[in-house]
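Can you keep this structure in mind? I'll have questions shortly.
Per-chain numbering from 1; labels A, B, C and D assigned in written order.
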Amino acid sequence: MSSETRSPLPLLLRRHTSSESKNLATVSSSLLPAFGTVIDEGYLQLKKYTIAPYDRRYRWWQTFLVILVIYSAWASPFELAFKKVATGSLMPVDLTVDAFFAADIILTFFVAYLDKSTYLLVDDHKKIAIRYATKLWLPMDIASTLPFQSMYRVITGKMHQGDIFGFLNLLRLWRLRRVSELFTRLEKDTRFSYFWTRYCKLICVTLFAVHSAGCFYYWLAIHHKTSKKTWIGAQITDFEHRSIWLGYTYSIYWSIVTLTTVGYGDLHAENTGEKVFNILYMLFNIGLTAYLIGNMTNLIVHSAIRTFAMRDAINEILRYASKNRLPEGLKEQMLAHMQLKFKTAELQQEEVLEDLPKAIRSSIAQHLFHKTVEKAYLFKGISDDLVTQLVSEIKAEYFPPKVDIILQNEIPTDFYIIAAGAMDVLIYKNGTEQVCLNSFLFRQRAFLSSILYISKQG
Amino acid sequence: MSSETRSPLPLLLRRHTSSESKNLATVSSSLLPAFGTVIDEGYLQLKKYTIAPYDRRYRWWQTFLVILVIYSAWASPFELAFKKVATGSLMPVDLTVDAFFAADIILTFFVAYLDKSTYLLVDDHKKIAIRYATKLWLPMDIASTLPFQSMYRVITGKMHQGDIFGFLNLLRLWRLRRVSELFTRLEKDTRFSYFWTRYCKLICVTLFAVHSAGCFYYWLAIHHKTSKKTWIGAQITDFEHRSIWLGYTYSIYWSIVTLTTVGYGDLHAENTGEKVFNILYMLFNIGLTAYLIGNMTNLIVHSAIRTFAMRDAINEILRYASKNRLPEGLKEQMLAHMQLKFKTAELQQEEVLEDLPKAIRSSIAQHLFHKTVEKAYLFKGISDDLVTQLVSEIKAEYFPPKVDIILQNEIPTDFYIIAAGAMDVLIYKNGTEQVCLNSFLFRQRAFLSSILYISKQG
Amino acid sequence: MSSETRSPLPLLLRRHTSSESKNLATVSSSLLPAFGTVIDEGYLQLKKYTIAPYDRRYRWWQTFLVILVIYSAWASPFELAFKKVATGSLMPVDLTVDAFFAADIILTFFVAYLDKSTYLLVDDHKKIAIRYATKLWLPMDIASTLPFQSMYRVITGKMHQGDIFGFLNLLRLWRLRRVSELFTRLEKDTRFSYFWTRYCKLICVTLFAVHSAGCFYYWLAIHHKTSKKTWIGAQITDFEHRSIWLGYTYSIYWSIVTLTTVGYGDLHAENTGEKVFNILYMLFNIGLTAYLIGNMTNLIVHSAIRTFAMRDAINEILRYASKNRLPEGLKEQMLAHMQLKFKTAELQQEEVLEDLPKAIRSSIAQHLFHKTVEKAYLFKGISDDLVTQLVSEIKAEYFPPKVDIILQNEIPTDFYIIAAGAMDVLIYKNGTEQVCLNSFLFRQRAFLSSILYISKQG
Amino acid sequence: MSSETRSPLPLLLRRHTSSESKNLATVSSSLLPAFGTVIDEGYLQLKKYTIAPYDRRYRWWQTFLVILVIYSAWASPFELAFKKVATGSLMPVDLTVDAFFAADIILTFFVAYLDKSTYLLVDDHKKIAIRYATKLWLPMDIASTLPFQSMYRVITGKMHQGDIFGFLNLLRLWRLRRVSELFTRLEKDTRFSYFWTRYCKLICVTLFAVHSAGCFYYWLAIHHKTSKKTWIGAQITDFEHRSIWLGYTYSIYWSIVTLTTVGYGDLHAENTGEKVFNILYMLFNIGLTAYLIGNMTNLIVHSAIRTFAMRDAINEILRYASKNRLPEGLKEQMLAHMQLKFKTAELQQEEVLEDLPKAIRSSIAQHLFHKTVEKAYLFKGISDDLVTQLVSEIKAEYFPPKVDIILQNEIPTDFYIIAAGAMDVLIYKNGTEQVCLNSFLFRQRAFLSSILYISKQG
């Protein structure tokens, strides 16, 4: 066997193109068949004019729609409160957005779906259509897309002044389910930080709650018979004819003063209707506040786990050493070892590897230790097969300087190979220590030696 | 042995009718005798006219009573605050509800109970009666059921105007212990979501606190000598003669503004009595708010455990790979394997099975792997007993595509049977890889092979 | 060996009188010497006129003092705010309380203490006195006990009108360290519920904060030059000459409105001094609120662990069964077993026993299983020593009804003894199941059999 | 072998000087090379005029700068709000502080840095300069150091009255990254309590938020055209010409009333600009409050883990004993053992030692047990090597009084050496117990015996 055939690894690894494996990461977790499900051959070619749900371009289209959904979530309550905007400047924007969603409805008829019971992609157009139509999604999608006001104007030729269209516009909030789905997906995607994904979600929920409550509260004020007896009218006379900006600021200000439970009291419910809405909003806020705090606590608790583990381990060692009155030198060895252990945690994580199948673990060991073992004096000339088998049992360990590695008189159980650093052999004779051997393999930064060892138990 | 006797499983399973086992799930956790308690024969037949506490119809009756309790919890404080309602429109409803609870008192004498020390159902009528009478429940049940006001009217022939009956009505809140018991039971019942059960409980507690405090605060205002110097009278002159709806709205509005700590200040305590009640209510609210937030945090932390476990495992692998500079291909194999592992977690949960007794574990293994092992070429013709014994040691594993399963030169420890998917045998010769064998058993979706294996250690 | 010598247990157990062991529970955790510390003989007799810190009567005296401390904690801020009370009705009470604490100062000179470095009780009077005098405790104790105002009156013969004595009285708050010590001890004492101990502590801290802040805020108002420009004077003219009850109610009302962050705004800081105090109080409250919520969350999270464990295990089994399409009967067996496992958790807790030393574990096993094993047909007539040794390997297991215990053809690894209940032996022959043997030992409630078994691995 | 050569430990330990190992604790966690990185010899000597980042004096300089940063964080917003201060009394202080930071900029060119990819210290002046200049730090550092106002005055010879310099001063807040870095380092340093480090950080963040918001809110009021229509002007007429102290108190008061969500309402936004700022501040506060509570919860949960573990273990034992009706004496033995176990937890922590390498564990065992084993009667005269090997298998255990250590008839698996305390040997004969042997080695406090044992399995 020639020298370049020693390790089959480099070639093995070259085989894998990264694009395919990477794609796997973004595929939803439900793409797996139950054990033993028999699947017909040639399954993977989807029918013509059918799009796979994990198609890259379809994903981009979905992400683009989410941006439009955010606009809708803002615009729907706003147009309810400030009616002249709905029929004025925002009208063309709304129609454009609606057009995009109409396009998506049509597109959905061509997207294959995953059958939850068989875990198979269904690409039959009829089945797709039936599922879409029966699951309430189609009617709701259509209802949330139709521009009722424009249709009414086109049909009757005049503007309707009632609030009916404002409320019909709220149907567009149905689109919010897309945002919810997006966040569910992002939370599982390891390419994004869980902390910030979750954080964004909480901010979005809070802002939407504040905005909606503010707009609806303004709508209540507008529709009260006595302008003076409303929460805003008591402060600003003739508020209906002031600028939209002023009304919106007051609404949001009240909304957030209530949500955060600051409650200055400069704006407060004046009539029974407002009081009832206020009651409902505050009840909702209890839940929202608790949810925000709970989530934040969860994120903080999780992020602190590693720090706590490190500090606890070191504190326990210090306590053990001082309670048992261990000598100072021994205590420092213990401390130095623990700190090195936490610093090299990422290099050593044996528990990470335990979950992997044997072949992958062997590949990693080959990659890391093969060369070092081959170069070791003791293993010069042994067969490549034996090296391969030895390597799969090897573990790496780091030692801080001045730490004893093998004690005199101890029963030996491990076999060590010095991978980097130097080591002294001290023999204790006639009450003094004598340096017998001073092994300099190759010097590393002064305070660190890394060593490979094979444990008898391993 | 004929072919249909191969596995005794189908028949074994047919034996179990589902109704009996299912009932077990709803039986309270205390129905178990201590180890070695000797129980007399023929125990299971309860005496005539005795109802088992886990009788289905008795449970329905209890559930129905809980609905009435909710009404009582709302009505008692409400009737205290708004006295004319108590003697007016709600009077017949109250009497009907009281009648149902009177029926339940009588029924309780016929329901067997579980002795906490011996864990036996006691169906002796005398013992049941003694226990019910002595444990304070009987007097409290009767006191909370008697319609004092109606009795007074029947006896004296006139209406009493004092508040004594309003406070006596508060005795009905004793019934709330049933709701508390119901929630305790529901939290342990796996058929209901813990999250929503807990959520409902918190909402109920909050609403009851808000309602009670609001009503009592209104009662305080009604009974203050100077109407002008009360929290509501300072806002609405002559509030006693306004509608009940207005008074109730103001009460609840104040109550919830205080509970949520919004505290607008438009309604606030005007006299010393109100201030003292306000102090007590706010002290209570500190506890309630902390309890709400604590519970929410608990639920959120628990629900996030799985997501964190998945993300942490994958992040650790990425860190390990990059710190040790593993080649890109190997890193992707590791990643693909971990993701597949979490996706198939529900199919593989070995730790779930560990807790089960050996017979059940064997039955599961028979059900899952028997056919596959029988069909395997290697085991053709071996005795059915040997297959049964082999099967109980088998585990299933899923491999993502392009992952090495057995490395060349490696010491083999596991025996694999391909259950689904395909595999290539590559031999590394003269520096190139050659496909020797291309095993196509039956094709699955391209990126997945599931494999059975028997580990030497297993 | 006669029959009554079979088990040495009954006698062994009789030896232990419960009072001594119980005392152990209340001894503080620091009474333990380091490994290998040599202690002189006859150590346990304390010197004459010396009291052990864990003496029962001394503990009761300490507990009594804690009650007086609670009074002091209330009275000190109160007397600062309402000066006439301090020189009036509360004067004799204060003097009596001070007398008790003076007695405690003298007593402390006779109480042995525990040396933290050697873990030995020191009963040398001189050492006790030196330690008490040098550690700042003596001067602080004396300063917090001297009745300065009375002394001043006795010496000068007249009352001082300044606030100096009010502030000197605050020195008595030094006594609060006793309450803090008490709670630290109670939290470790398993005879008290941790939840309620902690709860009481939080309530005490909150009430003290509210009371102190309220009293000091009132003091600020009293000492402001313009009565009209104070938080209380702006509401009540001439408030200084109104009743103490009114002033105290307003103070506490303001204090708690601020602490709970309700902030109605009917009472608020009017001048700069009040604003500064308000700022400090609110800053403190952020911390207190977070501390309250954090503690509550901690208690709730801990109390829910068991429920979560149970629900998660059962849900995982349900998911595993449905994903792998296990037959309904098998699923029910799994479910029934898991539920029985959690119901019998308190009877089985093997992990509890693991921490105990071998002798205790053997004693428990003897107590639980000795009689059953002796009575078993198979072990009739074997030596008592052999039974004793068998028993220590035995474990108890509970089986729900209709569950398979040993499958046909399975390799047997465990040996079972039926302790209670009945079992059918079914042989699968020619495609049908035949009941061969129907073992009726003694009937238990229908749905439960408890079984002892010896595992080959055990 | 002479008596002083028995144990090589004292000498071994003398070798280690403590200063070097201690230094290790403060070195940042990233000073570790990846496995197998080859580093050239003589690496540790840094170039002339280059400072190592972990140099002691450089660290002190950094700590000193952090104090100046705290001043800057306070002064920048303050000078924005109260402009006359910026050009008046605080001017010289600001210039001095700026000078120190200018010195630090120059110093930075001489400080070696750690290359994140190779983990090597880079001491090449050119590389240091390039990295500093390109990473945006240099321009930001310079921008945050230049005293724009003084420069303008020197150049133009007159004072500028605009707000431009106030905002330019805010660039100094860039220095806050140093505080953030300091806290990150302190949290990992085990010499400081994590709780208090974290606590300080939270207080700093809160105070900075309160101060900044207050100052900016005052700036808003100053710059509004109608003084009467501002939050402060509505309360204090002509507030611009009142004292800085008054303005600052009002600002901080408003800021903290809002942050804590007290919201009295005596000061509140009057115009739209203030309302918008208020909205942003409150949104920020939701996050801050949740962050504070989350952190506090995290700290409390972590600190309670040990107490919970102890209480749970004891409660489980009590439950197990009472459910299985174990005799009182046995229950007390179990309890006494568990309590002793938790009291000696710090002396026994085997799990602490498990993580240490074998040589250190052996050293500890030698130190703790060598003398005791040598002195034991059974091991008198055996070779020192054998003692050394025996010692490494020994474990210490503490037994409460009156607890059985070895039961009669039991199969022995452990070998015990009594290290301290006494023990009775009781033989059960003819139904009574007889004291056969009463071993008094040396008496300890009555309730404790500590024992060494070698387990057969160990």
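Operating definition for what follows: contacts are C-beta pairs under 8 Å (C-beta built on N, C-alpha and C of every residue); 3 or more make two chains touch, one makes a residue touch a chain.
Chains and their UniProt names: A, B, C, D = Cyclic nucleotide-binding domain-containing protein.
A quick note: this is a predicted structure, and the numbers were derived from the prediction, not measured.
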Equivalent interface positions on subunit B and subunit C, same or different at half: different
Pair from A-B, B-D or A-C with over half of its contact pairs in common with A-D: A-B
Relative to subunit D, chain with the most remote C-alpha centre: B
Intercentroid distance (Cα basis), subunit C paired with subunit A, Å: 39
Whole-Å separation of chain centres (CA-atom averages), subunit C against subunit D: 27
Multi-chain contact residues (two or more partners), subunit B: 34-35, 261-265, 289, 293, 295, 297-298, 301, 323-324, 347, 368
Residues on subunit C engaged by subunit A in the complex (per definition of touch): 34-35, 261-265, 293, 297, 323-325
Touching residues on subunit B, where the partner in the complex is subunit A: 206, 245-246, 249-250, 252-253, 256-257, 259-266, 289, 292-293, 295-301, 304, 307-308, 310-311, 313-320, 323-324, 326-330, 332-344, 347, 368, 372, 396-411, 413-414, 419-420, 428-433, 442-448, 450
Subunit B to subunit C touching residues, read off their complex: 2, 4-5, 8-16, 18, 20-22, 24-25, 29-39, 41, 43-44, 187-188, 190, 194, 258, 261-265, 268-269, 272, 275-276, 278-279, 282-283, 285-287, 289-291, 293-295, 297-298, 301-302, 346-347, 349, 352-353, 355-360, 362-364, 366-368, 384-385, 388-389, 392
